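Heads up, the next two complexes both have chain A, just with different partners, chain B and then chain C.
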Partner chain A sequence: MEKTLAKKSFSQWVKKLSSWSVYIPRKDEEGRWNYAEADSGGVSLDVLQTTLPPKKILFPQREVFLEFAKTLAGNRETLEIKEVLPEVKPTVIIGARPCEARAAWMLDEVFGGEFKDAYYWRRRDQTALVGFACTIPPSENCFCTSVEGSPHSEEGLDILLTDLGDRYYVQSMTAKGEKLISAAKELFEEPKPEARKQVKAAHAESEKKIRRQLKDARPIAEKLKGMFDSPLWDEESMSCLRCGICTYLCPSCHCFDISDEVDNPSPLRGQRVRTWDTCQFPDFTMHSSGHNPRPDKASRLRQRLLHKFQYFIQVYDKFMCVGCGRCITLCPVGIDIIKVLDKVRDHGA
Partner chain B sequence: MELNVYTPKLAKIVQAKDEVVGTRTIKTFRTEFANGARFDYRCGQCAMLSVFGKGEAMISISSSPLIRDYLQFSILRTGRVTAALHDMEVGDLIGVRGPYGNGFPIDEWRGKNLVFIGGGIGLAPLWSVVQTALLRKSEFGTLSLIYGARTSRDLVFKDELADLKSQMPVHLSIDVAEPDWKEFVGFVPTNVLEKKPSPANTIAITCGPPIMIKFVIKNLKDLKFEDDQIYTTVENKMKCGLGKCGRCNIGFHYVCKDGPVYSWAELKKLPQEY
Partner chain C sequence: MAKIEDLKDEARKLLREGKVKYIIGYGAGSNGWPAAPLFIKKPEDVDKLVWDPTCVHNLVRFLVDEKRRKARQRQPDKRPVGIMVKGCDSRAVVVLLQEKFIDRNDVYILGVSCEKTGVVDDTKLAKKLPGKKAKKIEVDAQNRFVVTTEEGKTEVAAAEILAERCLECKANFPVIYDLLSGEKTKRSLDEPFGSLQKIESLSAADRWSFWKEQLDRCIRCYACRSACPMCYCDECVVDSINLAVTAETTADEKAQRIRWIQRSAESSENLVYHLVRAIHLAGRCIDCGECERACPLDIPLRFLNKKLEKEAKELFGYEVGFDAALPALVSCFRDEDPQDFIR
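Take a look at the complex of A and B:
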């Protein structure tokens, strides 16, 4: 389904979605842009890249898996376990960048498959993604076109909005998308033939505006298979502070920890939680014996890059990188994934 | 309600036995499910055990899947969860989820001789296959075990090993001589060269500390075992058991899901990241 929506009607549409939880980029108290629930105030898509991708809406930084409690009746102790699956109302993320939706399309692989992750799918099944095509690149480090994405890619999206000056061009790809449009169908108009032309031109133009490029990503993936023992990882990881920012702010990184939190030691009461974790921390892989298969920064940088550019492709035939550039922009010491992979490509050439 | 792969089943400890006391303490537990839940598994698979309030740990199942009354786990006290497990008693409840991993391809080994080679706590995952092979003895050729530990005190399943000697050749070893020790003194890989198992129609299955496995494989190769005649298990830190949490991988393989059992032919192709 294709429509147009006048920009002046955009806030009204969002208001009409009152039975949904609506997330949209918002400025937090410290002045950072992040996805947060829309309130009655004005909403706008006039935002460049948010600090955090919307990943946390589908895969929260901390979530409770189950609660446990012991009760003492006389001298008989009983242990009770209560599974806590999230109760999620229909949710829509408006203004997600196409690359951020592609990340959800990658996370679907991780949390799906033989062992479905009920916590993820409870949220995912209820969530619609309304993307906003990047007619202006949201970051100087965007390189989506190098990793099989584009500023107007549709993977993972239910609706794609494209800025046409005074209106948005609205493409709905799924039943979820059509539901969102029908919630306020009086606001949407049939697109005029010239609007169709304009949107095509805007999409073509948007690809040219992406400033950074990683050439030959697929051949690099192939070449990485022979570079496990390369000295490159040592050289490139030298300056790493092992802060983990590159992974925590990444839309597709999904490594996690499961641990128990105790609220009351006796009688025992607490919860089992899942929290984000990172392959950049030394104890991520450390055995209880003290042995660590990834004992240094070199092996951990290698793991991050190989997971994204070799292993994920071997299993799912997709890169596990959407080219948003956050890991480049926000790394405190300037480790640049494109430059590292450039060196892989040019190695021995 | 949809199946939740992270929710453990409650199981009661019905037996807790000291295997090894001292600095490297090992206990063997048997558990029964509180509500008679079914738990089908294959030899060599693992289970994620919970001590609520402490966390979870991945432990190999040492009982045979043919024995349906209980699950058995032999556990070295080494971290927070295993220490808490060691402090538990008969009647206490733990959580069990799984089973996880690929297990040993025991059906492919029909008609072959099996030689088991273990070191220390590494006998636990082998024990499941040893017990199963004994229960299905007519399907296999000759069975034998080469097993060692640092000292005679560090051997696990001491009582069961005495019984096992009536059913298959058992070659024990300890690393350093002791006054009453009548069997081999030296490392397990050396005992393998000493006992010279024949590679003819034989599968060697080895499990133990990584350094032992490395030299056992080297020595088996010297005895002319082919890569696909040697099986071993890999251990890495795990949290989910489902190939999602991202830490146990060696290359694109998740040990929890695609392992922990590998033939040497498969394992040698993967990066040495374990």
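Take a look at the complex of A and C:
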């Protein structure tokens, strides 16, 4: 379904979605952008990149799996275990970058398949993604076009909005998308033929504006298979601080840890929780014997790249990188995944 | 800012003669910030060294890595490592020496003077030139910053985009070095603890809500800990397991390890993490500001450390990072130390 929506009607549309939890990039007093719930005030879209991707809405940093409690009745101690599944209201993320939606599409693969992750799907099934095409690249380190994405990609999205000056061009790809439009039918108009032309031109133009490029990503993926023991990893990881920025803020990274958190030791009461974890922390692979199969920064940087550019492709035939550039922009020491992969490509050449 | 041609000549010589293993310095970054850490092993790569107001990083952090690397090697190369340090960074070297974490023979210190300016704060720069990205930042003869963007050059008064810590700088040239590039010039300082005034004027309740809001944003990526040259413990309270475990550690020892902090990034846990870190840095933090710079969520961590630095100064007359022979603040007692907390 294709429509247009006047920009002045955008806030009204968001208001009409009152039965949904609406997330949209919002700016706080200090000028920091973050996906937050839209309030009743005015909302607008802007081409920008939030520090935290909307991954946190589908895959929160902390998820309670179950609650446990010991009770004493007479002399008998019983342990009660209660599964906790998230209760999620229909949710819509408006203004998601197309790359962020592609990342959700990758998370779907990981948490789907043969064993469905009930916690993830409780949220995912209820969530619609309304993307906003990047007519201007939101970051100087964007490289989505190099990893089979595009600034107007529809993958993972229910609706794609494109800025046409005084109006948005609205493309709905799914039944969820149509539902969102029908919540405020009267605001949407049939697109005029010139609007169709304009949107095509805007999309073609947007691809040209992406500044950074990773050439030959697929051949690099092939080449990585023979690079496991390369000294390159040592060199490239010298400046790594072993923090979790590149992975925690990555829209497609999804590793987690499960631990029991005790609220009260006696009588025992607590929760089993899933929290984000990262291959960049030394304790991620630490064995209880004291042996750590990834003992240094080199092996951890290698893991991050191989997971994204070798293993994931072998399993799902997709890069596990959407080219948002966050890991590049936010790395405190300027480790640049494009540069590292450039070196892989040129290695031994 | 100093010109570093003399330093480059020396660096080339050191590498050619094999007097240092490698040199930790600054080179060109590719992620949108002009400078990034650079590790040089070959004399011909010395030309890649840069020194400008975007050399914000405290490279002393990499001496911690070097020590860990050596510990893992069977026959470690014992030659020193060359390292470029600013005035503030050199104070971090002093602390590592004072705490006997490194030996003076482990490092060859290539000092650079910030002279009359300092380094640029990326957040302030982004606010000053919204939407533009600096390709290069230089200092002109009047000590103003000249920022080159795609649209051309813009002059900015140094005070407008200088890092907060530079406005409160205590050492604009290195306090310890083997070679110094640039002048030991005096520079005018703002209030030594100026940045604290606003937060100190708040009531306890307001401070509490300020910190709650700030720390609630924390995602526990530990970039602050990772960027800090003083956070070198092998075992840290925040890690989910003990990294100091060896094949000899018994099952009992492992099981009995106290979990001080949960993994969940929640208010109480975040607060414990940041307070533990701040307290462990009392009398040790040299205010390089790396924790705050590395934080992707802009948590103003410097305030915590700066406050403790102020307490150390006011209560014990102690200023860290100037004298490696001095005993560390928390490991010494002097008769004149205040004792009013003992009741």
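Following the convention adopted for this analysis, the second predicted complex is superposed on the first by the 346 of 349 C-alpha atoms of A that agree within 3 Å, B and C clash if a C-alpha of one lies under 4 Å from a C-alpha of the other, contacts with A are read in each partner's own complex, and residues count from 1 in each chain.
One rule holds for everything that comes next: a contact is a pair of C-beta atoms (placed from the backbone, for glycine too) under 8 Å apart; a residue touches a chain by one contact, two chains touch by 3 or more.
Not measured: the values here are computed from a predicted model.
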With the two structures laid over each other on chain A, which partner does A:L249 touch: chain B (first), chain C (second), both, or neither?
second
Just to be sure I read the superposition right, which of the two partners does A:L330 touch: chain B = first, chain C = second, or both, or neither?
second
Examine A:K197 and indicate which partner it touches, taking first as chain B and second as chain C; both and neither are also allowed.
neither
Per the contact definition in the header, classify A:K15: touching chain B only (first), chain C only (second), both, or neither.
neither
Contacts for A:D296 in the overlay, against chain B (first) and chain C (second): which applies, first, second, both or neither?
second
Let me test your reading of the model: by the given contact rule, A:M238 touches which partner, first (chain B), second (chain C), both or neither?
second
Just checking: does A:F281 make contact with chain B only, chain C only, both, or neither of them? Give me first, second, both or neither.
second
Have a look at where A:D257 lands relative to chain B and chain C in the superposition and call it first, second, both or neither.
both
Touching A:R62 in the superposition: chain B (first), chain C (second), both, neither?
second
The intersection of the chain A residues contacting chain B with those contacting chain C is 257, 259, 286, 288-289, 291
In the complex of these two chains, what residues of chain A are touching chain C?
30-32, 51-52, 61-62, 140-141, 235, 238-239, 241-245, 248-249, 257, 259, 261, 273, 275-276, 278, 281-283, 286, 288-291, 295-297, 328-336, 338-339
Chain C to chain A touching residues, read off their complex:
29-33, 35-39, 57, 61-62, 65, 69, 72, 127, 133, 219-223, 225-227, 239-241, 243, 245-249, 254, 262-266, 290, 293-294, 296-298
Where on chain B does chain A make contact in their complex?
1-8, 10, 50, 52-56, 78-80, 82, 93, 95, 210, 235-237, 239-240, 242-252, 257, 271, 273-274
Of all residues in chain A, those that touch chain B in their complex
65-66, 68, 79, 81, 83, 85, 110-111, 113-119, 121, 228, 254-260, 262, 265, 268, 270, 272, 277, 279, 284-289, 291, 293-294, 299, 303, 306-307, 310-312, 314-315
